[in-house]
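Across the two complexes that follow, chain A remains constant while its partner is chain B and subsequently chain C.
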Partner chain A sequence: MQALLTMLLLSVIVFGLSRLSGDPVNLMAPMEASAEDIERIRASLGLDKPLIVQYWYFVTNALQGDFGRSIKWDRSAAEMLIERFPATLWLSLASMLLGLALALPVGIYSAVKRDTWFDSAGKIVALLGQSMPTFWFGILLILFFSLWFGLLPTSGYGLDEHIILPTVTLGLFVAAAIMRVTRSAMLDALEADYVRTARAKGVPEWRVIMVHALKNGAIPILTITALQAATILRGAVVTETVFAWPGVGKIAIDAVYGRDFPLVQASVLFMGVIFLVVNFVVDMLYVLLDPRISYIKR
Partner chain B sequence: MKFEQMNARPRAALLALAGLGLALAATTLPAQAQPKGSVLVATSVLSQNGDPTATISTADYMMAELVFDGLLNLNEKGKVPGLAESWVISPDGKQIDFKLRKNVKFHNGDDFSAEDVKFTFERILAPDSTHSYRRGFQDSIERVDVVDPHTARFILKNPWPAFFTTARYALAHIVPKKYYEQVGAKAFKEKPVGTGPFKLVDKKAGEWSKFEANTGYWGRVPKVQFVTERLVAEPFTRYAMIEKGEADIASGLTGALLEKVRTNKDLRVIMSPYTGTSGILFNKKEFPQAEDRRVRLAVAHAINRKAISENILGGVCEPATSIISPGTFGYLEGVPLIPYDPAKAKALLKEAGVKPDTKVPFVYHTQAFAALPGAPQVLEAVAGNLEAVGLTIERKSVDTDAWMSMMRGHKAYGIFYAPSGTPDDGGELINTWFALNSAWTPHSVQRPEYDALFKQQQQLADPEGRKKLLQKFVKMEQENLEMVPFLWCSTPYAIGKRVKSWQPAMGSGYYLSLSNLELND
Partner chain C sequence: MTIQAPIAVAPPRRSLRQRLSGLSFLLRSVPFLFLLLVTFAAVFADFVAPYDPNRQDLANMISGPSWEHLMGTDQLGRDVLSRMLYGGRISLLVGVVSVVVAMFIGVLLGIISAMVGGKVDDVIMRLTDLSLTLPGVLIALAVAATVGPSLINVILIISLLYWAQFARMARGEALSIRERDYVQAAYAIGCSPLRILRLHIFPNLVNTMIVLATLEVAAAILLESTLSFLGVGVPPPTPTWGIMVADGRQYVELAWWTVTFPGLAIMLTVLAVNLLGDTLRDKLDPKFTKRA
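Our next item is the complex of A and B:
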């Protein structure tokens, strides 16, 4: 129910914002097109109707799975997104895996080795990762790995190696945030009474860290990871553009610049659904991790 | 026990996890150049509209140029006879007989005939036509008759000399009547069939289009086998693709990236000449002082066009002497450039009584587009130049959409940039910027003599006489200076080392003329 309300609200916002942002016909028609020609194109797209009518069409059609046709590409917006989703999913998963693979060990080790050179280095890396704009980092990666060392293709999709640079771009970005949260969650956990108890009863240190402390520190880590899923979708918009990666993010940004309303609406709602699903899965995982959390009313 | 004292197994697992990321990043594989005979164009703009009778913008020529032919075609030499071998214009200018090329076949094997010409123009003129330039055709064409299979007769409402000099008319691409009617407009758009030098093989919306050479082409058969146009939005990525040899042609590079191409011995910059022209115009309602010619002349002296074209645009543009460029029908040679002279500009403003703190709204375009390369840097430089002579410039930021609606609503701010992306005919430029009710300006140019000249040249069937009239306009405008001439621009392409020779078409930023491209391999 809540999710449905969220989606409805999102649909209003997206619809309203995209209409506020301008007029696709201005961009489509050539400079020399006459005023009547422009009106004619507008009418052919249904953009001459009152906003509330347009919104009604949009919602009723969307409920039937019809998100309209992309103005620019003259294809079903839903079809275009479904076609592109695998590319985004693949990139997001790879980035998240890379992010976790970097963030968890470094974050945990930083907590264990608090205030050492390793911890400081981790801090610097995290700061860099968080503050470097993804498009700039992506361009640097192309410059180093494609042009200077000639190891990897600059951009594109289809071959295995195409995914490496965009994954590193997005992966390092999410790693930075997860790394910092992991460190502080682990610091808290390592100072807790049950850790002292565990150590006192002779549990091996690796078990203390990886089982006793990590399991208790897992909730904030999971929360930030879920938040980073949203960051990945956001970052994908830029990263996919830089690497010409044919995903949902790239088509969304093209659509925004082209005032391609149906495609903007469809892609934002699509991302909204993904985000809601991720949140739902995380909520469920909370239950598994912490028995005190329950969604069943007693 | 601390981390160092951990058991080997979990510690190894931790390290392996961290190593995974590095391993991912370190995988080395060589990037692929295009296979033999194939060309990859990394493009900043991609149009995939396969129906030339429903042309939305000139960008649609990207696909149409490859797949179709017009009665006239555009190549590196300019407009040349295409499907029409020759034509005869009646003495009153109201009838044109086009002699059509024989033995021309569409990609599906159907013969090309005058019926297809008639069908194409009727589609453009149809009441439900979505062709953006429909109005221009409607104003002039009464009907098209089929005299015999190889002769099409245009019955005109009035003489239409601009047909032959204006790309959007002359190059109207011919579609096959039979196939089009058989599959319908929607399917045709997806799987277009033409007579052109390339066939559309496949496309992915918003990503790429792939074409194959038409080996049975009646004209110059392409020397390459396949052409792929891939949309790559980020300029640096397009540059990187060229440098690495992944792409053979990259469009839409300016400034520092174009300079990097120039200084790289393996790469070259090739220009499609005179694809844009521009001037600076005034909205006299917002900036009434511009009624005074001295103020307009001051603006002309204040702008350092040479520095802008060389330093910001990397030589893609050159200082203009008039809105009618050397690539435009009606160009007049020998018009002097108004020199950069800020001291004189200051003196002129003082003379005209413009106070130093006068606020002037100025259109500041935040996006670059075909007819405005290098914006917003170019406009920032102009604003700076104007500030240097004492005007207080209020920058009004607009993106392309807002800019278009501002221009179309006749609401341009005090000083604004007036560009044209298809400057092929002087008459059309006068219509756009100088006629009394021009579509684009805030009607600040109120000169009946310009309007009279525009109407006179519109009816004049004799090309030489028409050219003289347009040149007369250039001279008049040189005196009046309603518009400050700004820049003439070309469209640059970066090309990689696989390309042996290539010359894009003249006067259109979207006509690549790829049939003359030759590869080294």
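Our next item is the complex of A and C:
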């Protein structure tokens, strides 16, 4: 329900913006077009109808998978987005995996070794990670690893060495956020009574940490991981631009530069849908992980 | 049998020397001093900057850091240090103004939500939910593509993305303050809601809002620089840190300084604001958990 409302609002915003921008026909029509020609183009695009009718067309078409045509490429926007989507998906998955692989062990160990040098170092790295602009970090990585040491390609697409630098760029930001939450969730869990009980009855320490405490700390960790889906999506726009990674974010930015409005609209809506789907999946996961939460009864 | 009154034991007061020593003192004062410096440099950029930020000197382009140009020059021979000082203006201005606007909208709606309740409360809370799930950068992209980028648009976009946090927090706080005994007593003796708002709820909200606002300023500066980098922020020729990084990117192999210094400026400023926020949180608002 929530998701549907958000989608509706997003569609209104996107639609409203496209009409705020002035008359698209003037942009599309050639200079020498006569007034009748312009009228004809307008009628052929349905732009002579009242706004509410136009909005209705826009929504019904979108629901049928028709997000309009790119002006620049003269192709269906939906087709273009679906074609590029795997690139974004691979990059997101890889960065999420890298983020978790870094954040979970470091976060857990920081909580166990609270207030030691390891904990402080982790905190400083996480703070730096959250204060650094993604695009800058990406460019610095290119400078060091591609231009100065020549180890990795500067840009381009491929599920080989090409994906390493973009993944590190995005993954580090994901890791910084997850690490902080993992640490505090584990600190809470390690202080709980059931942990003391487990220790008292002689459960080995690794089991106390990895099973008893981690299971109970899982909810906040999952929440922040889900929220990182948003960070990744936002970061993907930037990272894909920096590394010329041909994903959905790159399409969106190129469309903005090319003033290709239908394509901008379509990519914003498309990413909005992905974002909401991820949120929905996470809500479902909560129910699986924590039987106390239920969306059926209140 | 005597009943012993519970004795409140004050924690041993740490000596001044202990309080000033070590890492925590550094963490508290350095960000503050750094921000003062950045603000000063931005406000008085006209006097502090060694060169006109837009003066081109093609004979002297992409020259490295030297005594004439402490941070080198960019691809058009413009002085990087001067551009950075002017760029600080945009970052601070956008960061602070957009968060102030967001705070104004948010606190207003949050308090209305808490005080009026019922349908109004439902509608406002639904709106905050929506606003929190909207993908911000994407909307900024769409706005920039259609309406065109400008200073006002950037500020409006950021404040429209950030008001919801304030509304949630203000509503929650107002609701819990309203339940306190002295506020209930004030109701009982017939104080008007406006008087309660002014004398009880508002003063109690201020600290929380200041802490939240500080942390949001850090996020806003980061978002502003990202929008600038993507070319949908404050348009050139105004120098901004994000644009400087974007410009320097093509020449990064020849001129690392054009990218490194503005990026460092963003990172250190955001870091300083974040640390300041943490300090304020510990000082002003014990309700926030100290751990995170």
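One rule holds in what follows: the second predicted complex is superposed on the first by the 254 of 298 C-alpha atoms of A that agree within 3 Å, B and C clash if a C-alpha of one lies under 4 Å from a C-alpha of the other, contacts with A are read in each partner's own complex, and residues count from 1 in each chain.
In this section, contacts are C-beta pairs under 8 Å (C-beta built on N, C-alpha and C of every residue); 3 or more make two chains touch, one makes a residue touch a chain.
This structure is a prediction, so every number in the text was calculated from the model and none was measured.
Residue contacts after overlaying the shared chain place A:T241 against chain B and chain C alike. More residues of chain A are in touch with B than with the other of chain B and chain C. Of the two partner chains placed around the shared chain by superposition, chain C is the only one that A:T134 touches, whereas chain B remains out of contact. By the touch criterion defined above, A:L233 lies against chain C but remains apart from chain B after alignment on the C-alpha atoms of chain A. Of the two partner chains, chain B is the only one touched by A:G171; chain C is not. Once the two complexes are laid over each other on the shared chain, residue contacts for A:I142 go to chain B and to chain C alike. After overlaying the two complexes on the shared chain, residue contacts for A:M271 are found with chain C alone; chain B is out of touch.
Residue contacts after overlaying the shared chain place A:R259 against chain B and chain C alike. Comparing the two complexes, residues 21, 135, 139, 142-143, 147, 241-242, 253, 259 of chain A contact chain B in one case and chain C in the other.
Residue ranges on chain A touching chain B, taken from their complex, read 21-24, 26-38, 40-41, 44, 70, 72-75, 80, 94, 97-98, 101-102, 104-106, 108-109, 112-113, 135, 139, 142-143, 146-147, 150-156, 159-161, 164, 167-168, 171, 175, 204-206, 209-210, 241-244, 246, 250-251, 253-254, 259. Interface residues of chain C facing chain A in the complex, by the touch rule stated above, are 126, 129-130, 133-139, 141-147, 218, 222, 225-226, 229-232, 242, 245-246, 249, 252-253, 256, 259-260, 262-263, 266-268, 270-271, 274-275, 289, 291-292.
Those residues of chain B whose C-beta lies close enough to touch chain A in the complex are 1-3, 5-7, 10-11, 14-15, 17-18, 20-21, 24-25, 27-32, 48-49, 56-58, 130, 132-135, 168, 189, 204-207, 230-234, 236-237, 240-241, 243-244, 246, 371, 399-402, 404-405, 407-408, 420-422, 428, 432, 439-440. The residues of chain A lying in touch with chain C in their complex are 2-3, 5-6, 9-10, 13-14, 17-18, 20-21, 127-128, 130-136, 139-140, 142-143, 147, 180-181, 184, 187, 230, 233-234, 237-238, 241-242, 252-253, 255-257, 259, 261, 264-265, 267-268, 271-272, 275-276, 279.
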